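Same chain, two partners: subunit A is paired with subunit B first, then with subunit C.
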Partner chain A sequence: MQLLKRQRINPIYGKKKIKKSSIFVLLMLLYPVLQFLIMWLFVNINSILLSFKTMVRGELQFVKIDNLFANFANFFDSLKQDKVKEMLLASSAYLVVSCFVTLPISLIFSYFIFKKIAGAGFFKAIFYLPSILPLVVLTLVYKLTLSKDGLLGPLFNSLGVSGLFVGDSAKWMVWLFCIWAGIGYDVILLTSGMSRIPKEILESCKMDGIPPIKEFIKIVIPLTWPTITTLFIFGMMSVFNVYLQPFFLTSGQYQTMTIGLKIYQESGGAALNSPATLGLVCSLIGAPIICSVRYGLNKMYGDVSF
Partner chain B sequence: MKKCYMPLVAMVGLLSLTSCGGGGGRSEDDGNAVYVCVYDGGYGSEWINKVAEDYKKLTGVEVKATVDSNILNRIESQLKGNPEFDIYMSHDINWQNFATRGYLAKLDDLYSSKVYNSEKTFEQRAIPAGVKASKFMGKGDTEEHYYKACYTQGAGGLIYNIDMFEEHGWKVPTTYDELVALCKKINDDAVPVPNSRDTVKPFAWSGSDREYYWDYIVFEWWAQLAGIEKLETIKQYKGPTGKYSDGYEMYNPTSYYKELKQAYTMWRDLVATNQNNSIPQSYDASLLSAQSAFANGKAAMIPYAQWAQYELEHAMDGKLSFNYAMMKAPKAKADAKDVNYLVGFGDSMIIPEKAYNKEGAKDFLRYLASAEACKTFTESTGGSFLAFDYSDVDLSELEKTNTYMKSVHEKLTQTTQFNLASDNPITYFNASTVTPWLNNEIPYALAASDNSKNTPDALFDAMYKDAKDGWSNWLAIAGLSD
Partner chain C sequence: MKAAKKENSLFKKIDRHFEEAKYKASERKFEKHRTKAEKVIYPIIFVVFLIFALTFIIPFAWVLMNSFKSAKDYSNNFNGLPREWTFDNFIKAFTFKDQSTHNFTILQMLGMSIIVAGGGTIATIFFSSCAAYVVAKYRFPGRSVIFGVVIFSLIVPIVGALPSQIQLMKTLHLDGKIIGCIFIYSGGFGMNFMLLYSFYKNLSWTYVEAAKIDGAGDFKIFFRIIMPLAKGPIIAVTIMQLIGLWNDYLTPSMFLEEKPTLAFGLKALSDKMLNTGNYTLLFATIIVTMLPIIILFCCFSKTIMENTSVGGLKG
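Right after this comes the complex of A and B.
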């Protein structure tokens, strides 16, 4: 609009100039618009439509109007299965793992790095490393290191610990991996958030003799609250998103099946109505909860601008 | 003005080039070349290259083979769009699913045509169970058509160290009781492992990577106890009334699944309860660890399948220093018949409906079914067998020096074959949910790691309950109703 106004007012903008600019703007907009239409709008509409389809001789066809919510009824019917209950419980555990374990640990580590404690650079590299390696490599390294024949295998064997990825301990190993691999990502965002805190505020704290713990709670946390909120929301979303970690570490066995992994596995088949329905139900339940939590978290501290 | 359109033109040009990129880089120079994709598993690439070479000598047609371990991730999108290859060969191809959606070429004319250097048709050369398992009513069909060819036959079970058995006077067990006694004797003999303080254990196995190798022997015990006919009934996944609605009864541990429970109990008593029969912590061992334990003489036996020789020799970087063979499953009961579970029976060879060179692909399969190609496959893979008739394939020279190949051949020819491939839609529309082990949760490693876990009663009662609870949902997913 600004451009058009300028063009109307300024006589030096000729007809040719207007077209050149418009084409440039159009070309720049083309990619994001197409990206939005194809990768978001179309995919989501298709997923919603899939949840109203059913298998008829191998073809997905729309359900009859008198049985419109058949897929949803099937989903709620499946909730009585122990395996489905286990899956929902295992998925919910990632809320605790991401929001109440990984995030607080990351906050503390980020603060240490921010305060430039001895070896801060080394720890920074150690925390960052998992974030830049592909997940498949990370899981492989993790599993090989801790398994019977791995680097730490003999140590665990001497302590009488074995079969960490089999049975009841398997889910703990997946959670531990998520914490280990997740800290790096959180630390990257939190340290960059903390680095934006004006030095004057911190110097003022120092001059007032405020102890580090008080500085952390009263100054650093409120001033990095938008980043913390974002990471908390990401953590909540991990209830639906985590799938590769249990896939690579336990193949979803030993009570490690998650909603994300179930959707991924079922998407490999022809009956796409089932994973689409699961995804839609999760979105319908999860979206309002996540939005409410975000609203609540944003209310806790005022807007931070510096 | 023209400059402004340059990026747009460049983008369109780039997109056009990208869209030309299908067909696996097939160029005009390729002429009538056949593009084949083979799953990179336990058979390697040597066999397909040799067969392709022989086929070219015979016909002048080039076969361009790609060996790929990730093909299963891409196969569906390739069949749906622009297939890169004319033939796909792999395990776990959900071919009934693809045929239902019209992605696969009909192979009726291939089955009725004569194979190379033989008077027999492709149908006559294929093993009978393979012929039966390759027919299906695909998209728009009013009758069954051939949509795939079985790739391998497969045999699995216990591989044993012949030299070690002979040296210590251990007899190859023919019954389960003899196997139990043999394990006790191996432990009692406490044969020292060279350069180690360990003694030889009966079994090396991998709980971390290949716990399902125990299936091969457990399923054979199941077939011996239940009879193959009962297994055929179970595979239909229809209830006692013959209806889909109570198909979950197939998991009833007091009736249909009774013998599987019994077979599992036998395994549990032998391996999980009696930890002394395995290399310590086998339930957590990697495949390489189990392979090297067997290859280095730390264990007398290892559960494996027909690709054992290829994998063991490649893992150990050369031939093993001793002779070894696959034993027939020690009989679950004295009066049982010898059976063979067709391990690789789910493997398929398919031609996409949209394949560039469908006729060329069929012709190559006609050659693959020939006695020459079968021999090349078995020789190159070290004891694996294609799903064709080997009665006119002379392996005698090879078997003189290869005890393993001979043992697999004997197992395939001297036993009654059975498989667990089902043509019920509930099995191929529910991915891994409905298999002998529900939700594909293989029980062995957990049972061995903690004796209180996966007890026969707990495992089979839970499976029955899960099947009962989930059945109506799975039927709905598969679009089945009575």
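Right after this comes the complex of A and C.
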């Protein structure tokens, strides 16, 4: 703190003042830094340590040195099990759902909202509503609407469809929910990104008679690229993060178990080494991939700066 | 002479006003002018939007409508209007108790949500604001390290820190306590830090320099000058944070199981009501749970939608 100086140098500042400012900086940062050290640094270090522990007589103890990677070996052994394969497949499906279904639909929706289609403001607000409602409420309403005693019950009964949330259709219902509820959030972010496009560019497009599809592909997408990149990364992270949707809709049954839900459910038990190992393996595999994709996407239209 | 001059300037003003109005009208006309392709595509998209919007409106309207029905009325007519409108379900929803929520009523859960989400929001916004201001405006050793670590923690996805967090909370004896939940929420280096940091970074230093000449100290400057100047962004991030914490299921379900908040308790209540076939009570409970968020959204819809814009951040 001895070197502490104002960013804007003030001539009236003496040593006494600088000392006072040091105390100010220290006090302002004390709690946030401590909280960060405990809740981020310590938690993540402990998470790594947990993956080198095992349950011995109901207690977590470090594994012996000759069997240091026992938890990892157990995890890679478990990959042969059908249930684990299903879980990895179900989790990977959210990459497709988020990045290749929800995001493109949201992009198209956002473009027309940005172009001020009739009722754009109303649609924007309605689409955004699911993003602010508790997920429990959303899943309940969704499930009640599509259940046999619900709003569309008579329709499904007449078609001979029963129990959409059981069996093979269950995973489709969870994916459909993710798309239905996820579009609004993406639309808000994308329209806000599009609103930063200079008006003059769009006006000149219009005067040149460029068709909407060309304008969308050649102008709007490149100029909204930073937002698209962010949403694509969020979508990639959903492979590991999605857990409440399958938990509320199917309790993780019928091939809807995900990595996130597995970690959540196993964290309720005593053997915390198992979910910690799963999390660590996923971080080690996922983080470099996600960071590389982010780097690559940012490079694509690197000169967009608004 | 003076009167003539006044009249002249008034005419000039009126002329300018008309010119501006004309320009705006032509601009609007230009914006509204649709090409042939647009004239075909726009109505189709409008219909698609309408259908999509109805998939949100109709289910919630159906839940609202059925919450006014008696159980018998619902079983005989679950898609029609109530034959007899009743508020009984809402009265029951407020007093309904079950062991699955440790006999907490909706009102008690609402209270818990206010304390936990409110406390967490106040704590995280305050500490984020303190940290963001100091990192943005002061130079001190370790400043770039702090900033770098924060960026790293936001960019690198870390999966499965929950087991470790549970162990830590048990060790600190914060498990099952409200203060424990608030401690988890109270981080000063999350997304709020980034948003407030960019605001403080662009904030003019002139007021502060003037205050310093008058002899104001750093704390006085921060609380009396900077905080009021940052009122707008602080309110925006507060609302967004409050909604996020209000809807949070994970933290209360793991660390506050015996004192459920609304988002967590509703799951247990809905399971119970679905098992006993008490649908109308469930509908009323859903409406009651949604109400605080809907009211907040109606009051601050513009602020909420304008500030959900982290998308522009480039890594």
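Here is the rule we use: the second predicted complex is superposed on the first by the 280 of 306 C-alpha atoms of A that agree within 3 Å, B and C clash if a C-alpha of one lies under 4 Å from a C-alpha of the other, contacts with A are read in each partner's own complex, and residues count from 1 in each chain.
What we mean here is this: contacts are C-beta pairs under 8 Å (C-beta built on N, C-alpha and C of every residue); 3 or more make two chains touch, one makes a residue touch a chain.
Every value quoted in this text rests on a predicted model; they were computed, and no experiment measured them.
Steric overlap between subunit B and subunit C is present once the structures are superposed on subunit A. Of the two partner chains, neither subunit B nor subunit C is touched by A:178.
Touch criterion met: A:157 reaches subunit B, while subunit C stays clear of it. With both structures placed on the common chain, the touch criterion links A:270 to subunit B but leaves subunit C unconnected. Contacts of A:149 after superposition: both subunit B and subunit C are touched. Touch criterion met: A:20 reaches subunit B and subunit C at once. By the touch criterion defined above, A:81 reaches subunit B but does not reach subunit C. Using the contact criterion defined above for the overlaid structures, shared-chain residue A:165 touches subunit B, although it does not reach subunit C.
Touch criterion met: A:253 reaches subunit B, while subunit C stays clear of it. In the overlay built on the shared chain, the residue A:90 is in contact with neither subunit B nor subunit C. For subunit A, the partner with contacts to more residues, out of subunit B and subunit C, is C. Comparing which residues of subunit A touch subunit B with which touch subunit C, the overlap comprises 20, 24, 149, 266, 268, 273. Listing the residues of subunit C that touch subunit A in their complex gives 30-31, 33, 35, 37-38, 41-42, 45-46, 49-50, 52-53, 55-60, 62-63, 78-79, 127-128, 130-131, 133-135, 137-141, 146, 149-150, 153, 155-168, 183-184, 186-189, 193, 205, 209, 212-213, 217-219, 222, 243, 246-247, 249-250, 254, 262-263, 266-267, 270, 279, 282, 286, 289-290, 293, 296-297, 301, 304-306, 308-315.
Interface residues of subunit A facing subunit B in the complex, by the touch rule stated above, are 16, 19-20, 23-24, 27, 54-59, 70-71, 74, 77-78, 80-83, 147-149, 157, 162-168, 253-254, 265-266, 268-271, 273-274.
Within the complex formed with subunit A, the subunit B residues making contact are 1, 4-5, 7-8, 76, 94, 97, 100-101, 139, 207-208, 281, 283-286, 288-289, 425, 428-432, 439, 441-442, 445-446, 449-450, 453, 462, 465-466, 469-470, 472-473, 476-479. Contact residues of subunit A toward subunit C in the complex are 1, 3-8, 10, 12, 20-22, 24-25, 28-29, 31-33, 35-36, 38-40, 42-44, 46-47, 50, 109, 112, 116-119, 122-137, 140-142, 144-145, 149-151, 153-154, 180, 183, 185, 188-190, 192-193, 196, 203, 206, 209, 211-213, 226-227, 229-231, 233, 237, 240-241, 244, 248, 259-260, 263-264, 266-268, 272-273, 275-276, 278-280, 282-283, 286-287, 290-291, 294, 298.
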